[in-house]
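Okay, so subunit A shows up in both of these, paired with subunit B first and subunit C after.
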Partner chain A sequence: MIKINSKNVDVYYGKKQALFNINLDIEENQVTALIGPSGCGKSTFLRCLNRMNDVIDICRVKGQIIINDFDINDKSCDVVRLREKIGMVFQKPNPFPKTIYENISYGPTIHGMAQSKNEMDEIVETSLKKAALWEEVKDRLHEPGTGLSGGQQQRLCIARAISVKPEVILMDEPCSALDPIATAQIEELIDELKKDHTIIIVTHSMAQAARVSQNTGFFHLGELIEHGSTDKIFKNPENKKTQDYITGRFG
Partner chain B sequence: MFTFIVLLGFTSYYFGRRKAYTIQSTNKRLTALPQFYGYYLAIWCAIPAFIIFSLWAIFEPTIVKLLILSDYSNQGYLDDELNLIYEKTKALSRGQFTGEITPFIEASAEKYLSLRSIAQSSKAVIVLSIIIASVAYAYKKISSNSKTREPVEKFLKAVLFTASLAAILTTVGIVFSLIFQTIDFFKVIPLFDFVFGTHWYPAKAFVRDSSEALDPTMYSDTFGAVPIFAGTFFIAFIAMCVAIPIGLMSGIYLAEYASVKVRQYAKPLIEILAGIPTVVYGFFAALTVGPFLKEIGNSMGLDVSAESALAAGGVMGIMIIPFISSLSDDVITSVPQSLRDGSYAMGATKSETIKKVIFPAALPGIVGSILLGVSRAIGETMIVVMASGLAANLTINPLESTSTITAQIVVILIGDQAFGDPKTQAAFALGMSLFLVTLCLNIVALRVVKKYREKYE
Partner chain C sequence: MNKNKEQLLNKRYKAEKRFRLYGQGAIFMALLFLTIFIFKIFSTGYSAFQKTWLIVPVTFDAELMMLEQNPSKEDLKDADYYDIALKSMADLDPNANEDQENELKRMVSYFFEREIKRELLNDPSLIGKTKDVYLTASDDLDQVFKGNYPRDLPEDQRRVTDYQLKIFDQLVELGKVESKFNLSFFTYPDSREAELAGIASSFMGSIFSILVCLMIAFPVAVLAAIYLEEFAPKNRFTDFIEVNINNLAAVPSIVFGLLGLGILLAVFQLPRSTPLVGGITLSLMTLPTIIIACRASLKAVPPSIREAALAMGASKMQTTMHHTVPLSMPGTLSGTIIGLAQALGETAPLILIGMVAFVNTIPGSPLDPAASLPVQIYIWAESAERGFVEKVSACIMVLLGFLIIMNLFAQIIRHKFEKKWS
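Then we have the complex of A and B:
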């Protein structure tokens, strides 16, 4: 089933066009990987999906991105509700300089999701368990989140993202700042999470894309060159550029 | 003489560099850039000369004085009288003496003039020969493989070190001058009376005739510092009530909401406030705000004095706004963008993000800026002198006039004063306590700011 449907998406930074006419469908409860060389626009596209590009003054987005039959670029779209539905994990772990507990409870608090302290405790516990962090931090929930290791911080950020029960989770190179062991843990986690969430992951590592994703899109110079099932893209790409990139001839 | 040495320094720079070029042109590799040879020679030319020059300036008058007064030794004069004779001699030699001229003094004056001229010419000769000797030595030393870079670098390091040493020594010197006078003051006035006394009335100390013996009991109930400490903190409190909210809010606006263009113009405009001399704020407070408050108060049936703590504190607050807004703007801007992104991505609005993520993250820095503002407020003098009066009332009514530590120091030290008098020494005691208070605040502020640096990384 199609979760997100983007039609003719163009993005401009000032006068420079960063994305050209992107048409990409994202399957529900699957992992979609976006690959491509640096500066190809894959992160920009990811940030279109929860309108994070609004934060950048000079950025303009054109075209339609339809999620649940609703165009998120429409004026009537409430960004706060949208971002509640579409969570995001960033390249560098960015826990708030607060306690672990407060990091998780942040989202549920601003969206008024818990009526009592008990409910909040439960949300915090389930989110941390889903992010496979509970066992490591259950005894120090009230210590600062910035005191955790890099991999733990990133899992904390994932727990923070899933605390508001988003339908979609966007991941912008979530493992680029982590060591191989932490990366393996996150990849395992992504596999777990796709049961409940639709996941879109931007990655520089082709091996990672092959390991975690069911679908892959290849971007080059702001254009979507090819997309389809990961198997097909990696084993039997239609486009020459995709072939070259995957075999490591450029990029 | 001074300009002459400087000129010679420049010339020797030129010669040093030229010699380096000559060496270079014979296809030898230099150990340093030619400029270093120039600097090397210039330093050798100017520094020994300057040292001799300044030593001379320090010791010449003493030696001349000794020589003159040696004529008067063994005649039973007291030190004071000898000093007087020397001053008379000097005045006569300049032709400014108007008293009775005795032959003795006339002879001394002539001797003084001849000594001075000998000193002048010998100074010129000595300095010049030193310059020639040192430049010749250094010039000979310059060769293709002589070390010039290291001495020049060492010299620069020494200059920088002296500069920072000067600042530190000045601070130490000021503290010591405060300490000794303060100790003298507390010998007369008990510390307890000063710290806990509630009556500040230094004018009473004017009454004393300086020929009378010092009687500590007559100063009881004169130097109780409680009212002026209270006044200081009260006015600072009023100032911070104005400055913290306005400064913080404008800082947040500048950092988070203002567009690049608005910020570009608004920030310098706010910082202009910091460049206004405090005297201008003072008469603004005294001539505009004070009477205005009085009028408003009167129309509401309140008794407002034209010189009120409110006027002084309010205007002082305006003066401090740019410190707080500019510093907190910097602090808020330096909160990493990734934290903002994280919060926005959770669906937080701008104000929620500021309130729950950015403000707590920036809080230590903001507290630091506020503490710096407080020490400004406590140290501020002119506004208080002009707008809040000089009567040290012990009051918490902002509509009455009060006085502060700094204003009282001004009152005490304006006009005639005698050293060794408790009234004058009271100013030192006040200065010392003010110094301690602001020092503590600054230390706390620095600590907080330091803690902040360790915050996210």
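Then we have the complex of A and C:
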């Protein structure tokens, strides 16, 4: 089933066009990897999906992105509610400089998802368990989240993102600041999370894309060159450029 | 070739050595000036914390005080103390003629009558008895006792007469002159008489001005900074505002004084010489300092925190109030305290709005006339009496102490809150 349907998406930074006519469908409860060389627009596209590009003054987005039969670029779309449905994990772990507990409880608090302290405790526990962090931090929930290691911080950010039960989780190179062991943990986690969430991950590592994703889109110079199942893209790409990138001839 | 390289290396080491030497020299100079400054102020000012008292036997003669038998408390308050006060001073030299009696009277402060009255009100049973009473020595004798007075000058060039000195020396020999901690320096308002002048009115004036300044400048500046940094669109107009705020910070303070004079006093008819007007004027000066500090610390909050909050579905307002502003508070607060410390030391604008007036009452609210510490320094520095010289230095010491405490506070805030999360 198709979760996100983007039609003719163009993005401009001032006068410079960053994305050209992107048409990409995202499958529900699967992992979609976006790959491509630096500056190809894959992160820009990812940020279109939860309207994070609004933050950038000079950025303009054209075209339709349809999630649940609803165009998120429409004027009637409420960004706050959209971002409740679509969580995001960033390249560098960015926990709030608050306690581990407060990091998780922030989203449910502002969206009014817990009626009592007990309910909140439960949300915090399940989120941390889902992010495979519970065992490591259950005794120090009230210590600063910034005191954790890099990999733990990133899992904390994932726990924070899933605390509001989003339908989609966007991940912008979530492992680029982590060591191989932490990366393996996160990849395992992604596999687990796709049962409940649709996941879109931007990655520089083709090996990672091959390991975690079911679908892959290849971006180059602002264009979506090719997309399809990961198997097909990696084993039997249609486009010459895709082939060159996959085999490491450029990028 | 190798030799050349060695020479080059030596040259580089020498340059580094020279640079270190310049740096150490600069620090040495700075410390030297600071030491000289502090030493000068302390050596002139420390004696102001001591006050000289003459111990004079006073006879509480009911007849001279116009008191009836068994006087009530009210009677005691209304009684005439001038005659017994005068008599007790005159009695210091039984052979004094009228002129000399006058000179004797001037050996103590004009407050002596009240000091005697206070003694009796404390202990009404003294009526008809004689008791040694501590009377504040005149400022000139105070200086004589402290050794700051040029006694060798010819008599017509000094305010203390030979006769007064003779009697004073006799009293010293009898142990009837005492030096005690000068509490009145802190509890009395300003006075024309150096021995009675204190910093209470200017200290309270400074406190009230700073409070008014804080209450106006802090909220306005923080709101302005948050709006400009987080919400306002970045365009020519906001650039223009930013340039003007920076210019405002560079405007000489006397200009703000003229503004206060022209608008607050002339147009709005606010009461002259009050900490209210002083505080508003100072807040205009402090405003750009706080805005700049607050904006800088907002800018220093990493954008990743804002993105994290926005991506969680927080609104712009929630992102700002829950995350950005709390993180910027240490910087904002220490900037505020430094701005207030500047305002505390400001003289020129306060002189223009009339806080330079002679105020001999202690203000109880920002609406009462008052001076401020730096203006008090200015007023006393202009006074001719020798007794004010040490007062100027003492007042500077109080002001410096105040400033040091504020800056220390700013440091503590910055340290404490910044360490917490990193």
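Brief remarks follow.
Here is the rule we go by: the second predicted complex is superposed on the first by the 251 of 251 C-alpha atoms of A that agree within 3 Å, B and C clash if a C-alpha of one lies under 4 Å from a C-alpha of the other, contacts with A are read in each partner's own complex, and residues count from 1 in each chain.
To be clear about the criterion, contacts are C-beta pairs under 8 Å (C-beta built on N, C-alpha and C of every residue); 3 or more make two chains touch, one makes a residue touch a chain.
Please read these numbers as outputs of a predicted model, since none were measured by experiment.
When both complexes are overlaid on subunit A, subunit B and subunit C end up clashing with each other.
By the touch criterion stated above, A:V164 is placed in contact with subunit B and with subunit C alike. Contacts of A:A33 after superposition: neither subunit B nor subunit C is touched. After overlaying the two complexes on the shared chain, residue contacts for A:I104 are found with neither subunit B nor subunit C.
Look at A:I22: by the touch rule set out above, it reaches neither subunit B nor subunit C. The superposed model shows subunit C running into subunit B at a single listed stretch; among 27-35, 63-71, 81-89 or 117-125 it is 27-35.
In the superposition on chain A, the residues of subunit A touched by subunit B in one structure and by subunit C in the other are 50, 52, 55, 57, 80-84, 87-88, 90, 92, 94-97, 106-107, 110-111, 146, 157, 160-161, 164. Of all residues in subunit A, those touching subunit B in their complex are 50, 52, 55, 57, 79-84, 87-88, 90, 92, 94-98, 106-107, 110-111, 146, 157, 160-161, 164.
On the subunit B side of its complex with subunit A, the touching residues are 259-260, 336, 338-349, 352, 356-357, 360-361, 455-456.
By the touch criterion given at the top, residues 50, 52, 55, 57, 80-84, 87-88, 90, 92, 94-97, 106-107, 110-111, 144, 146, 157, 160-161, 164 of subunit A touch subunit C in their complex. Subunit C makes touch with subunit A in their complex at residues 233-234, 302, 304-315, 318, 322-323, 327, 420-422.
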